[in-house]
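Heads up, the next two complexes both have chain A, just with different partners, chain B and then chain C.
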Partner chain A sequence: MLEIKNVSKSFKDFTVLKDVNLTFDRGVYGLLSPNGAGKTTLIKMIVTLLHPDSGEILWNGENIASLDGSYRELVGYLPQKFGYYRDDSPMQFLTYMAALNGVDSAVAKERCQKLLERVGLGDVTRKKMKKFSGGMIQRVGIANALMNDPQIVIFDEPTAGLDPMERVRFRHILAELGKTKIVILSTHIVSDIENIADQVVMIKDHEVYACDTIEAILKAHIADNLETAFMNIYGGEALEDAI
Partner chain B sequence: MRFWNILWGEMRRYWRPFTLIVVAALLLMWNVLFGSSSFAERKGTDPAIAYDLSVEYSERFGETIDPNERAEVEADYEKALAALNDQYEKYMGQYDIHSEDDCHLLYSAADAARNKDYESEDYCKGAERWGADNLEELAETCIQIFWDKIPYEIAHREQMTESILGWAESVDEWEQFVASLPTIDRSSLEERTLKWEIANEYSPSAEKRITQVMQANGGRLSLLECVYDAGESFQNHYQHWAALILILCGLIVLPLPVGNRVSGVTPMQYSTHAGRRVMLAQFGGAILNTLLVNAVVGGFFTAIYFLRDKNTLHLWNCPMNLCAYPRILWLDLTFGQFVWLTYGKVLLLSLALTGILFVLSHLSRNYLPALALAIPSVILFIRLSDKMDFMLNISLYARFVYPLTLLVSGVVAAASVLVFVKQARKADYVN
Partner chain C sequence: MNHKNDIPYPTAEQKKRAVAQIVRQTKPPHVGAIRFLFNAYREIGVATVLRNSIGIFGLSAAVFAVGIALALTEYDPVFMEKRNVAPILAIFFFGSPLVLLLTDFLYRLREKPLGVYEMQGAYKYTARHLILLRMPLFSLGTAAVDLAAALAWCGLRGTEYLPQMIGLIASGVMLYSLLNVALFNRFGLTGCIVCAVLWVLLAVGFAELPSAQRYALMTGIPFAVHMLSGAAMAALLTLLVRIFYQRPMYFIRNA
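Let's look at the complex of A and B:
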């Protein structure tokens, strides 16, 4: 179980998150808010790239800062901007990341091959990534996030660049993962969440505004779909983003 | 095992195809520009001959020389010089040149003519009596006579005699000077340096070398001059490669951390099991690369120096503490030790530079600021390396400033890396 307790984070004088409390257990969680609301900051704190100014993040009751590498071993992360080496093939890149993830080199290649097949890149494992489309790169990122069979999988804006077919394939992967793992999906695209999220977390004014099932949120905001509820909650803020 | 896997991964990253191409191009360019400097360019006695002669004389006269032996040596020299003089006259007879001055006169006449009309008969007038068709050929003849055709020892026979006499005078003067040492004012740095130098030269080991100076034959007056030429030519040869080694360190170390940050790989790395420990693997890789560059580039071009002038290896165990010049090298180095010292100095400086560049590259958000910080650092270290070569010629610097410079460079680099890694492991990663 992943618990976020009274976490706040500021950059200089700007408060990004204030007193955030959340608990994640098995299932798919949609992290939904307009751009700049603090989703990425929250995710970066969960993956230990940033440290909370106050409060703590606990994994099964232990502070993740003290767990260090043994916690990160349980986390799969696809950042908003997936970084890769252009001259590498996906196999080379994933093998390198496997080494960083502590995967035994004897099994790393086989695991990378399986992951690439799972995301539909089994036939281009040796091709240089600089020749890949945005969608293919994103799929390498998804494969990378699943490298160490993580307990917590975090995707930050994962569907950017994916075509409709790829999105469907991705949703299937997410649904399957959600059965046994914590899956946190950060996006501002409502439809991504609507179909697969068990719960939705909404951040407004630097705080957690809602953390509930889709049905409960729709009911609370008298809406028949998540998009309407989203507009009701964020109103002008979301519209400004859209414009 | 995990760490070695990561280290291997980082090593592969450092040696990207582009880096390999640039390194190969620079090596080729350097070889074309600076590859030709060698001991052989300094005309004079073959080191093997000078060495054998010294050994022979040393066996004949022992390690010290008394006035009778000195007289015997000088008599030998006189005989040798007389023989050389005969050769000289015979050789000059072919060209109708009787002295070095004749050739200078020829130059003057040609110079004067050149001011009027380069193509005119007047211009070549001075050349006619030498049988040369034009000034160009004449000038070439002169140059060849003095630098190619005439053995060095013939052209400089006068100097050799003076030098032998000069030694006797110098030794007497040194004896007087050493006797007066306690009366010298110790407050002046220059005087103190001078005193060390004199005292050092007049040590028992130096006495032995003075003997060798007297005993050796050839264009260079002694074996020691051979060693000096070898030392200086190696230093000149290696300083270009030292500069390249330092440039290569920057070229190899810099792009990886900056590239990772620019391409967005850094957050991917930091969120893995290894986390920010990946920096240690990167640093380990950088250090390994620096060792590799020193071993390959430094080793290869040191080998080239000795392959080109194989006989300089005879000088490997010869002392470099010169009596013939007012120069004192640190701690009575042999030529071999001097080569190792030069090699070691560049190795230590390049390791220090690697540490500093490693930190600077992590602090840079993209290539431009990284280059703006790295280029001055590399230039600074190249300058430092050159300056340190000169330090060896002054006793005070050689004994204290030289090792201190290396120590400070190493400590600054190590402290920078330690502080940076410690801070970075706790700090937020914000890009």
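Let's look at the complex of A and C:
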């Protein structure tokens, strides 16, 4: 279980997050809010790229800061901007990343092959990534996030650049992962969350506004679908972003 | 009779405390710097550690080699007083870690725009771990460059100071890199910054000393320096040989 307790974060004078309290257990959680609400900051704190100014993040009761590498071994992360080496093939890149995550070399190559097949890149494992499209790079990133068989999988805008078929394939992967792992999906694409998330977390005014099932949110905001609920909650904020 | 209500089931809070206690007891203990190096080299392989960085190290070492060649050609202790050799010796001791710092700087300069540097922050072995794991290995490379410069110098000027040069070369880079690893292991990134600052302060402090004292320091304790540097080098080589002997394929992992 991943617990976020009274976590706050500010950058200079700007408060990004204030007293965030969340608990994640097995399942798919959608992180939905307009740009600049603090989703990526929250995610970066969970994956230890940032440290909270106050509060703590606990994994099975233990502060993740004290667990260090043994916690990061359990985390799979696909950032908003996925970094890669252009001259590497996906197989080369993934086996390198597997090594950095402490995955045994005896299983790494086989696991990389299976993951690449799972994301539909089984035929191009030896091709250099500089020749890949944006969607293909994103799929390498998804495979990378699953490399070390993580207990917590975090995707930040994972479906950007994916065509509808790839998006459906990705949703299947997420649904399967959600049965045994904690999956946190941060996205602006409401339909991605609507179809697979067990719970939705919404951040408003730097605090957690809602953390509930989609049905409960729709009922509370008298909406037929999540997009309408989103507009009802964020109103002008979301429209300004859209414009 | 219904005894169900008599059974004292733990509350959710009690269960959580019990789990936390078990996790605390099984939490991995803090490991020392040498054990950290050993575990890391064994787990990810020396080839993985050096991947994507040998070229950058080569560039840093070349820049340093040019710098040291220029410095050496400036001094000719045959025609000057002996104590003026101290700056040359000091360059080998204090200056060699500059190669490691330059390598670190160039590596981050290249990796950050790619986005890989940040992404690695979420891995078991982060980019910072990799930089530290490379330090002892690049120290050996730096020592080789320095040794070539020292031998060239001694070939031209005489071998009077060769033992001191070798000792100072080896001890300078090895001490810096092992100190860096130890401080990072204990204090994280703050430890690395402290190490760099301490080293610079030491160099500045040395430069402030009178020339006679500088000469005495650089040449007055050769045996201790040799022993220290020899021990550091031997420890690292033993570590690498041990890893190779136990798991030879890890040595060439991802090659």
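General observations
Keep in mind that, in the parts below, the second predicted complex is superposed on the first by the 243 of 243 C-alpha atoms of A that agree within 3 Å, B and C clash if a C-alpha of one lies under 4 Å from a C-alpha of the other, contacts with A are read in each partner's own complex, and residues count from 1 in each chain.
Simple rule for what comes next: a residue touches a chain if its C-beta (ideal position, glycine included) is under 8 Å from a C-beta of that chain, and two chains touch if they have at least 3 such contacts.
Values in this document were obtained by computation on a predicted structure and should not be read as measured data.
Look at chain A after the overlay: chain B and chain C clash there. By the touch criterion defined above, A:205 lies against neither chain B nor chain C after alignment on the C-alpha atoms of chain A.
In the overlay built on the shared chain, the residue A:77 is in contact with chain B and with chain C. Applying the stated contact rule after C-alpha superposition, one finds that A:101 touches each of chain B and chain C. In the superposed model, A:62 makes contact with chain C only, not with chain B. Applying the stated contact rule after C-alpha superposition, one finds that A:85 touches each of chain B and chain C.
With both structures placed on the common chain, the touch criterion links A:51 to chain B but leaves chain C unconnected. After overlaying the two complexes on the shared chain, residue contacts for A:163 are found with neither chain B nor chain C.
Listed for chain C are the stretches 6-14, 24-32 or 42-50, of which 42-50 clashes with chain B, judged after superposition on chain A. Residues common to the contacts of chain A with chain B and with chain C across the two structures: 47-49, 69-70, 72-73, 75, 77, 79, 81-85, 96-97, 99-102, 105, 148. Interface residues of chain B facing chain A in the complex, by the touch rule stated above, are 2, 5-6, 8-9, 12-13, 16-17, 260, 263-275, 277-278, 426, 428-430.
Taken together, the chain A residues at the contact with chain C in this complex read 47-49, 60-62, 66-67, 69-70, 72-73, 75, 77, 79, 81-85, 92, 95-97, 99-102, 105, 148.
Only residues 11, 44, 47-51, 68-70, 72-73, 75, 77, 79, 81-87, 96-97, 99-102, 105, 144, 148 of chain A touch chain B when the two sit together in their complex.
Taken in their complex, chain C has these residues touching chain A: 16-17, 19-20, 23-24, 27-28, 43-45, 48, 51-52, 111, 114-126, 129-130, 249-250, 253-254.
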